[in-house]
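What follows is a pair of complexes built around chain A, which joins chain B in one and chain C in the other.
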Partner chain A sequence: MGNVLVLAEHRQGALRDVSFEMLAVAPKIAEELGGEAVVLLMGSGMDDMAKKMTGYGLKVMVVDDPAFENFNAEKYQMALSALLDDLKPSVLMVGHTAQGVDFMPALAVEKKLPLVADVVELAFEDGTLKATRQLYSGKVNAVVAFKPADTFLVTFREGAVEAPEASAAGDVEKLDSPLKEEVPYRKFVEYVEAEVGDVDITQSDILVAIGRGLKEDKNLPMVEELATAIKADIAGSRAATDAGWIPHDRQVGTSGKAVKPKLYIAMGISGAFQHLAGMKGAKTIVAINKDPEAPIFTVADYAIVDDMFKVLPKLTEKLKELK
Partner chain B sequence: MKTFVCIKYVPDTSEAEVKLNPDGLTVDDSRFSFDINDADNYAVEESVIIKEAQGGEVTVLSIGPKKSEVMIRMAMAKGCDKAVRIEDDRIAAHDPLMVAKVLAGGLKDQEFDLVLTGCMANDDWHMSTGVALAEELGVNHASMVNKVEILDGKVKVNRELEGGLMEVVEVDLPAVLTIQTGINEPRYAPIRGIRQAQKKELNVVSLDDMGIDAAAVNADASQVVLEKLYIPEVESSAEFIEGEPDEKAEKLASILQKGGLV
Partner chain C sequence: MQTFTEKYDLLGCIQCGRCTGGCPVTVRADLNVRQFVNDAYDEDKLEELAKLAEIWDCTACHTCAVRCPKGLKPLEVLIGLRTMIVESGKVEPTVRDALQSVLLEGNPWEKSRATRSDWMEGLDVRIADPDEPVENLFFVCCTIAYDPRVRAVAQNMVKLLNKAGVDYAFLPEDESCCGSEVLTLGEEGLFEMQVEDNTEYLNEFKAERIVTLSPHCFTTYKTHYPDLKTPVVHYTQLLVDLLNDGKLSWKGELPKKIVYHDPCYLGKQGGIYDEPRELLKSIPGAELVEFERRRERSLCCEGGGGKMWVESESKKERLSDTRIKDAKELGAEIVAVACPFCVLTLEDSMKGLGYEEEMRVAEIMELLGELMET
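Let's look at the complex of A and B:
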């Protein structure tokens, strides 16, 4: 009772960052509840991962069952449903990831429990658990309070907080697999790696990145001219990939690549966190955007609030001159 | 193949500053243009692609105001056959679990093979409604889908994971799929389609019409309370380059050049 259960996420044999990041939050919440933070690890052949997760002074509960070799939303839902009944945690924290979003809403409906998704901050205030989340690509924050419930369900955003330093070793407790029945519905087939293109943008020195602000592909040559002038490669946000302006392997962000060029020029990119996560490691960041409140400016070193098309021609011309 | 596609009418805030209403709980959207949610637009296209390949019909299901009928007609102009618009101001729209319950109510007496919807809404970003809807309906699901292949009695899909990796899974039909952006190239509505869409069936229903008890989907029923909205401070340590557009360009060029960055 009063415990915060943190589901550690892993994929292809490796723990995901969010698994550690949640450990920066869970113990504080557990303390307020008079309980403790407990890590839950479900998978097949989990000894190494269990060892890694124990380095934070927390108890790690391990379900080691070949049925969990690959992620399966239905198995996860079935197992967690049983574990919520057995362990009765006050909070269940799961990463807001392609895994977490695939079963947590269904679990919430099944167990008639409240869910707040894509949480970036979690705290108690006057005895109420409150979650902060973002709306409108990060332009608005919302504070959502949980009404009293047996278990509060939270999916927590990857990259929202930094993982804590490793500390004392915690205990490992092996649990019997809560999975009793064969699940006939969903079948894992395989993983498919992203296609490799002609340019590896993770190796580029200079990237000129475009976003929704490009508007139409007929505007692409203007950007290409700048890129050629400064020997940059062209990358972009999800919006640019979806629109077909750049190939998938040039997408920067959570669902694309993480890049660390010397110079990153973001044009017409508002800077949703998924994009920022992929480029904030760049050495120098230039951002051009019409909206002065665009989140891209939070990571920029040099900022221009203006229409990219009004700035771009002169910028290219000047850079050519100065060469 | 009988398909339902659930879509949402959302404001376009991509290049605009967002301000709040005095209630602190809603966004002043009076200055924004509204349109179909990005991911839902791809869901509409996918539903039409499936219909073209497999036959059958597509029904649009949407919760929204009268003005959202422009969006619904546009989906029908692209090939969806009919539509149901749910309008009822008692729905707790801040809680995707309540929204899912309402959508499930709209589907409960219907036969369907597939329900498609966008994997995320541009405005509230929950990524929850579709998966919750599947549970409400008691059917299978797959989320963040960026490839769909209809097989005999089941569907094979690619799910988009982080870092560009994809997970291929098969689920039995009927199923709910939440569609990721970029899965296809949404078409433009043909002129003929736009004309035809005006004649297609569009029913407007309330919770009462659907036999849904408002007390099950209103703010009291929701287990979460939207306490407040606030505009986060853009904490920027950036050097903002001022001037006319040409001046800004010149200054930036000189900074980049002097700093040895280019």
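Let's look at the complex of A and C:
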């Protein structure tokens, strides 16, 4: 009672970041509830992963059962349903991932428990647990309370908080598999790796994007140097892909990809409407263009009006110094 | 339920190949529309056909439909295959987002409906009211309303109408996408909904005619809105009438060699070839020259058919590049068009080919706007 149960997620033998991130939140909530945070790992051949999860001073419960070799939402629902009855935690936290969203709503309905999905912050206020979720693409935060219940269910957003530093080792407790029978409907068929080019620019944190202003491909190494210095991937406008400077799968825009990096450095891109539509999700936009009237400046957070070939070497040099 | 063969009248095809023979995309990508019409007879093959990348290369220019001796529309077979992909949910994220934006915000550009009328700022625009009869009810188009590059088309139109003393009104921001690109991207269900909603909305207004600024809206309303009560015209038709009535006059000159590019949606699909030319001829000092491929044989710019959201896998020369090179050879200083998409594709090619110093791509309304001000 009063415990916060955190389901650690893994795929293809590797633990997912969100499993660790939730450990930055769970112990604080457990303390308020007068219980402790406990990690739950379900899978097959779990020794290595269990070891990794114990590095945070928390108890790790391990269900090691070949039936869990591959993810199956129905098995997870059945197992967690039984474990909720057994362990009676006050909160069950699961990552808001493709896996988490696959079984948590069904579990909530089955157990008649309140679920708050895609949570970015959990806090204890006025003696009750409150969850913060985001609306309108993050423009509005909504704080919601749970209906009174024995267990609150939460799916927690990936990347919402930083994972804590590893600390003392916790204990491992092996649990008998709660899966007593075959699940009736779902069957694992195969794991299909997503098709990606060499780099998936939709997942990049930093993008250096080039446009027609690059002029010719012999200028590309200058851009690559900057990109390497700040661990960025290179993307570009339709003009840059047409010219063959970058592959087609790195084109940003309505007929290319929509990107959402933390930093987008646009160089020699005037900013056609169709390009801007593809990068409006970027958190911070730096634009370098010699034309002060270029539309790219209407969306840029930082604007440098100058020849990109003058700015680029200096920028690279300064950024290398800062490292 | 109709089978695929019945819906697209595939058995009416005699496999003569005029469609593929005239298709401008055949030189750009590996698209053979005749082959698709042939293969689609076999219902078991449809799923496989729908997976071929080239179904997304079609620009819906309608050259195949214009040339078909049996009066069929071969391109619709390709759109039908796109529909299968859309229904299975396996579209590119860019296409998905554009379609979702049409559903939620009434435009494919992921822009807020609340800002649809922002282009009117600082202008004395008359706004339509269902209770007030009006002669010319203007429909702006999503691209002209939102893309700063082509907003001047609407802005100059307002100035021109005010000056000429025309009875007009523009629709307020509840104007919604006509669905032209939704239709060609294959989202049949959403398009049906748009037809229903837009018909009901537009029928509320008491207008003598609806005037569209984009040929895409023009053709879509004319061809796919059977219950629309008000006749639809393209703005070039209205302006030629005004010109003939002596209501338009230009100040200054534009002593340039101008070549007119026939937009597919206005020419091949809308049958309007002469009005834009008459407007250009009325410009003092201008010399109008012609492409070898013009009118029904005009080369497509690849802006239509949903191509703003789907890139061809082919690396062969873009048709817009070919077009600009042709214009260059003619010595044209201005490539004039009457379509926002043609402006975007042709201007991109013009810049890419490095002709910025000596050539300009302009919508006719941009040119006329400048002749009102000087």
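One rule holds in what follows: the second predicted complex is superposed on the first by the 198 of 323 C-alpha atoms of A that agree within 3 Å, B and C clash if a C-alpha of one lies under 4 Å from a C-alpha of the other, contacts with A are read in each partner's own complex, and residues count from 1 in each chain.
We take it that a residue touches a chain if its C-beta (ideal position, glycine included) is under 8 Å from a C-beta of that chain, and two chains touch if they have at least 3 such contacts.
If you're wondering where the values come from, they're calculated on a predicted model, not measured in any experiment.
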item	value
Which superposed partner A:S255 touches (first chain B, second chain C, both, neither)	both
Chain B versus chain C as contact partner of A:I304, first or second or both or neither	first
First (chain B), second (chain C), both or neither touched by A:V286	first
Chain B versus chain C as contact partner of A:A106, first or second or both or neither	first
Contacts of A:L315 with chain B and chain C, given as first, second, both or neither	first
Partner chain in contact with A:S204 - chain B first, chain C second, else both or neither	neither
Chain B and chain C contact sites that coincide on chain A, given as residue numbers	212, 238-239, 241-242, 244, 248, 251, 254-257, 295, 298
Residue ranges of chain C in contact with chain A within the complex	93-94, 97-98, 109-110, 146-149, 307-311, 313, 315, 318, 344, 348, 351-352
For the chain A and chain C complex, residues of the former touching the latter	212, 238-239, 241-244, 248, 251, 254-258, 272-274, 277-278, 280, 295, 298
Touching residues on chain B, where the partner in the complex is chain A	13-18, 20, 27, 38, 94, 96-97, 100, 119, 122-132, 134-136, 140-144, 156, 158-172, 181-182, 185, 222-232, 234-241, 245-246, 248-250, 252-257, 259, 261-262
Residue ranges of chain A touching chain B (in the complex, touch as defined)	11, 16, 70-74, 96-99, 101-106, 108-110, 113-118, 130, 133-147, 149, 158, 184-194, 206, 212-213, 230, 238-239, 241-242, 244, 248-249, 251, 254-257, 262-263, 268, 270, 284, 286-287, 289-295, 297-298, 300-307, 310-315, 317-319, 321-322
